[in-house]
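What follows is chain A paired twice: with chain B in the first complex and chain C in the second.
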Partner chain A sequence: MRAYLIRRMLLFVPVLVLVYTFVFVLIRIVPGDIVNLMMEGGSGRGTSAATAAELRHELGIDKSIQQQYAIQLQHLLRGDLGRSFRNGRPVTAEIGRRLPITLELAALAIVIALGSALVIGSLAALRHDTGIDRTISVLSIVALSVPAFWTGTLIVVLPARFWGYSPPFTFSSLIEDPTQNLQQMLPAALTLGAIFAGVLTRYVRSSLLEVLRQDYIRTAWAKGLRERIVLTHHGLRNAFIPVITVVGLQVSGLLGGAVITERVFNLPGMGTLTITAINQRDYPQLEANVLVLAFIVLVVNLFVDIAYGWLDPRIRVG
Partner chain B sequence: MTEGTSVYWETFARRTLSRRRALTGAALATAGAAVAVACGPRSKGGGGQTARSSGAAGSDAAAAAIIGKEWNTSPGTPKYGGSISHAPTAPPLANLDPILSASAMVHQVASNAYSKLMRVSRKNDDLNTQVLYPDLATSWETASPTTWTFHLRPGVKFQNVPPTNGRPLTAEDIKYSILRSGTDKTSQLRGGFVNLDTIEIPDPQTLTLKLKRFDSLLFNNLAGHYAWVVPHELVEGPGLKNNMVGSGPFIFQNWEQDSQLTFKKNPDYYLKGIPFVDELKILQIGSQDDRIAALRSDRVLSQDQMFPSVYNSVKGDSHLQSQKYIVVSPRVLFMNYKEPLFQDDRVRKAISLAIDPNAIIKIENEGEGLWRGVISNQIAGWSLSQDELKSKDYFLRQDVTEAKQLMAAAGHADGFQSELLYNTSYPDFYKNNAQYLQQALAAINIKVNLVGQEQTAFRKNQDDHNYKGFIYGLDGEGFSEAYLLDYRSDGPKNGSGISMKSLDDQIDQVLTTPDETERKAKAKDLTRQILKQVLWKVEFDDDLQYVISQSWGKNWMAPSPQVYNTTGLAFTWIDKS
Partner chain C sequence: MAITAAPLDKSLASREVGRPARIMRLRRMAQQKPLGAIAATLLMLVTVLALAAPHVTPSRYDHQDLTATLEGPTRGHMLGTDELGRDSFSRIVYGARVSLGVGLAAVVLGLAIGITTGLICGYAGGVTDLAAQRVMDAMLAMPLLLTAMVIVTVLGASVRSVIIALGVTVVPGVNRVVRGSVLGVKASLYVDAARALGAPSFRIVLRHVLPNILAPIIVAASVTMGFAIITEASLSFLGMGVPPPFPTWGGMLGSSGISGFAQQPWLAIFPGVAISAVVLAFNLLGDTLRDLLDPRLRS
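Take a look at the complex of A and B:
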């Protein structure tokens, strides 16, 4: 196992280098840079070109892509991910502030999704081909089809319209103010979790249906075990393997892709930071964000692979 | 039972308890969280606390006297205490250094921590008439068009936090700040000081600006957002990108990027008894739906630039009040100056005649707006009247028949192909307007292909004039005659790339005319010339929109869109009685 872990982690390095290089080149090929935005609305009158040149020189983006890459690689090797073009702060400082927000949102969404999918998906499987099963199928399709921005907007707008209430729009951490934190996070997590639950419910249902047809399940029934025991202790455990694969994939999406939900609920997470970095051509921030997110995805996938072995001893990793 | 099955059951028995515990724990945690949310108090950031009665600095009468002289007044006795949250409608904030950005947000934030020579407000009953108040300068005079003298307020100090630690603010600090804005190589505001020659300090309470020639915009710039007074210790030390230390009414506490900025009352502010509230929060809420929800749920003080439909949806909320005002709509259709087709003024006039400004107003502001010539209607007295703009003297009206005749006379009866570049990062009505323009031009056989680009790429192409045919973008905003700068060859928003020496000279003639009445007349004459020739740009309209604010926010004056200040927050108090 240890050798396996070391091998997998060594593979992180080339993957991360490739990801970094790809993003580095791609964002510089896209037209425009942060100076174009900084100059927007400037007073001109003969000063624009000189100011723009000075700004580009200060930021180091007047050099060729190859020169910039060489300089950045040297910094990376020293562990320096650079400073944001926007505010001059170390990019890690902003990531350090925002990553926990996204992680909390992702964790809550997963808990909500997994919790509801396990219950509802199991019910659908156990009551296969009944009205309950069909209702759950329809609801899960609706849940995964309805876009997050629609649900989220309704959650924000309707209570404000009818009851004069809205979730808070400024973030407080769980430690600073748990009540305000959850008032903001739970609606967002529910919005995201609902979509995820729709996806997971279908996987739980189909995977459990497959497992319930196995001999050992028939043995469990024959032994006289109660339905709850058969389901939770034997069925779900084995049905969980494909489900955990989906969870692993969704986590990657949640970490980098909850942009719309973050925007609707005004959560200053990694999604909005990354999109802002792209829109504003904040190269160091974008590159650092992508590196960190890529690293997390790699770690999550490693855990998923290890979890297979935990769930089913017949699957051994390493 | 087979051996394999036996192993299965043994292994299962060892593992069951830990997974059951984990699932149970998770379920309990989620349930607990749900209960906490349901039972938790509804926390408000929008000044939800009723102001405590005085015990704080200044008496009510003294405060009332101050705001009578230094800012707008409104009925009611000032009350002290509480916290206000304000969520401006403004682009994201990149950093806090006011010279690095000309966009609204940084200056709206800066206006709470910094001071400048004058303050700009608007009339209570007419949001389109500007009013100047003293700030660091208590009075000013012009000995000649090129010599301006400002008499400074005595006893002003920087805030009592590092690195200034409450030291006196001097004329040297004001000079330093103006020169920083006007000469720093990275300053976005440098162009506003091109006509400034020297700054003299004849005595500690007097500042004299000597100009190379009269510049009407310079005075407006000094009152606007071009010369926040910053301490050199901060510039030379940690810098201004992430810090603000000034002499303003609020002391900067913290900035969480893309989330909020927090300020506390400056107890040593030179206007005793100001500000009224103890705490100020500037929230960055990106979505308009969220901002409106925050307004309705009492979380923020005010929202400006609200569409008529938003006003209609909230006007029934008893805790909200509203005012209507003119907001410049800076969206224009540029024609690329370099393209030979557009050198023929008949083609340009035909293009303008093909478009109906009322259609644009309907799409982008639900039908409530005014026609605009060159200068916005926002400031009274500078723009041409609506009747004149709609007359046959100009080409803003829609007349497809006349347009086709002009195209035929220019040898383009069959039209031509072209492109229209537009910004996909702006709200939807941009795209809708672009589609309307495409249809309107098709009526005179100009077939345009719509090309959408995101913000930064669009800005680059607009600035470099790197587009084919047309661009539907933004021109500048500012005080009255500043709109003429967009026609100047080095103008900040010269999206067409116009480069005409004669036009540059005429614009300079307007801007260097000291007498305001004469200047207005010249500006209008130049406007007429530009409109008669359709100089590579079609400007459509100004919008009639709403400022909606909480009724408990007393004496609040929403910022003028072309003056990037929220100075009014210092003079606002909370009264929920």
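Take a look at the complex of A and C:
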């Protein structure tokens, strides 16, 4: 198990290096850097060419891309992700503040999606080829076809219009003010979770249908076990295995969806931070954000593979 | 060579299908797969509307009528007007040009790159495949929306950069589908036979492998089209898509902001319905095609 883990973690390295390099090079080809943007802003500060050159030198973006890359890699190896161009603070500090918000949103969305998918998907499988099954199938495709920013906008706009209620627009953390946090977080998580509920329901349904055809299910029925036991212990537990893989595959999409959901609900998470970093050409912040997001995707997929072996002893890794 | 004829056109090959027979077949298909038929009809309708936009809309997409701002659906403005008095129906119909056009171009680009690399990875294998798959891993590890945002920022906001950005983001998905299918087909006897006859790899891939993996590619194309349209809309919503004044469905939901929607909710409803309906149609079409083309799933 340990050898397997180490081998898998080693495979992270080339992927993360590629992700980092990709963003590093691309964002530096963009015409206009942060110094241009600051001067456009016309804040009245010394906007001479000399000041600009000095600023670029200070930020280290006066060198060629290759030189910058070599320097950055050395810093990275020491575990230093750099400082934000915008406020000069370590990028990790900002990530430390923003990441929990995105993780809370993503976790709530997964719980909502998995919970509803298990119930609705099982119902569809048990009522296979009936009106209920067909309705659920169509509804789940509808759920994954509707853009999150639209449902999100409607959730914000419609209650405000008709009942004078809108979710709070200033963020407070879960520890500070749990009620206000959840008032803002739950609608966002519902918006995001609905899409993935659509995806997962389809997998739960087809996976459970497959399992219910197996011999051991017939045996369980023959033993006279109650429906609930057959369904949960023998059916769902086995049907869950392919579903958990899909959850892993969806994590990257979930984080992408979080970018847009955070924007709609004004949540100061990683998505909002990344959009700002792109717009302000805050290279270190953008690079660190993408690196962290990619790392999360890789770790979740590793967990999924481990869970896979744990749920299905036939494919234990070793 | 008879072997290359995929199972899907067996019925076509067996007898000559005349015009009436073809229509009968279409009708039977529509009865068996009503959802797929509805989806296909809807997509054709939207395409025709988009192409004929100047002839079916009451005004141009940028025509402002400041005497009639933020109206609900009325006789003159079927779907109401926005805060500048522009007709929502006209903007949605013109916006369909962006959604469908950009989506189609992006999917064609993504398919071209994805199929080529997928065929090479699957058939050649070895170091090439290993290296290419790490690149795909890296692209899949980043949220695709972020990748698209970065690419659009690099290339500058324009129709062309949105197409390139979306095209690139769909490559890894297509590559995986094609590569996996190639691996499945590669071990077939007919591929062995072709190789034994001394056919060059190039010919084997194009004449024997590709025709036999068309079914998953067609399904992927339809579903990818839905993904591309929803991602284009997301980019436009964030203000990183096709730049104004040309209307986009995503942009219509983003630009005017919450305040306009609070006064006139219809303004927020119709563009979203348009996106959802078209994406839903592509997904339903993908599902139907999967049922029809995949012999293993055929009941």
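To be clear about the criterion, the second predicted complex is superposed on the first by the 304 of 318 C-alpha atoms of A that agree within 3 Å, B and C clash if a C-alpha of one lies under 4 Å from a C-alpha of the other, contacts with A are read in each partner's own complex, and residues count from 1 in each chain.
We take it that contacts are C-beta pairs under 8 Å (C-beta built on N, C-alpha and C of every residue); 3 or more make two chains touch, one makes a residue touch a chain.
Values in this document were obtained by computation on a predicted structure and should not be read as measured data.
Asker: Mind checking chain B and chain C on superposed chain A, clash or fit?
Answerer: clash
Asker: Identify the partner contact of A:Val13: answer first if only chain B is touched, second if only chain C is, both if each is, neither if none is.
Answerer: Neither chain B nor chain C is touched by A:Val13.
Asker: Quick check for you: in the superposed arrangement, does A:Leu77 touch first (chain B), second (chain C), both or neither?
Answerer: Neither partner.
Asker: Check the residue A:Ala3 against both partner chains and state whether it touches chain B (first), chain C (second), both, or neither.
Answerer: The answer is neither, since A:Ala3 touches no partner chain.
Asker: Per the contact definition in the header, classify A:Val156: touching chain B only (first), chain C only (second), both, or neither.
Answerer: A:Val156: touches chain B and chain C.
Asker: Between chain B (first) and chain C (second), which, if any, makes contact with A:Gln180: first, second, both or neither?
Answerer: first
Asker: On the A-aligned overlay, A:Leu273 touches which partner chain: chain B = first, chain C = second, or both, or neither?
Answerer: Touch partner of A:Leu273: chain B, not chain C.
Asker: State whether chain B or chain C is in contact with more residues of chain A in the superposed arrangement.
Answerer: B
Asker: Contacts for A:Ala294 in the overlay, against chain B (first) and chain C (second): which applies, first, second, both or neither?
Answerer: After superposing on A, A:Ala294 lies in contact with chain C but is clear of chain B.
Asker: Which partner chains sit in contact with A:Phe22 here, chain B, chain C, both or neither? Use first/second/both/neither.
Answerer: A:Phe22 contacts chain C only, not chain B.
Asker: Touch check for A:Val30: first (chain B), second (chain C), both, or neither?
Answerer: Both partners.
Asker: Quick check on the output: what are the common chain A residues between the chain B footprint and the chain C footprint?
Answerer: Of chain A, residues 30-31, 153, 156-157, 160-161, 263 contact chain B in one complex and chain C in the other.
Asker: Where on chain A is chain B touching in the complex?
Answerer: Going by the criterion above, the answer is residues 30-34, 36-48, 50-51, 54-55, 58, 86-89, 94, 97, 111-112, 115, 153, 156-157, 159-161, 164-166, 168-171, 177-180, 182-183, 186, 216, 219, 232-234, 237, 263-266, 268, 272-273, 276, 279-281, 313.
Asker: Along chain C, where are the residues that touch chain A in the complex?
Answerer: By the definition above, chain C touches chain A via 35, 134-135, 137-146, 149-151, 153-154, 156, 226, 230, 233-234, 237-238, 250, 253-254, 258, 261-262, 265, 268-269, 271-272, 275-276, 279-280, 283-284, 287.
Asker: Of all residues in chain A, which touch chain C in the complex?
Answerer: Residue list for chain A touching chain C: 14-16, 18-19, 22-23, 26-27, 29-31, 138, 141-142, 144-147, 149-151, 153-154, 156-158, 160-161, 252-253, 255-257, 259-260, 263, 274-275, 278, 286, 290, 293-294, 297-298.
Asker: Report the residues of chain B in contact with chain A in the complex, numbered from low to high.
Answerer: These residues of chain B touch chain A: 5, 8, 11-12, 16, 19-20, 26-27, 29-30, 33-34, 36-37, 40-43, 45, 85, 87, 92, 94-96, 100-103, 185-192, 194, 221, 226, 239, 241-242, 256-260, 281, 283-287, 289-290, 292-294, 296-299, 313, 317, 425, 453-461, 463, 476-477, 485, 488, 490-494.
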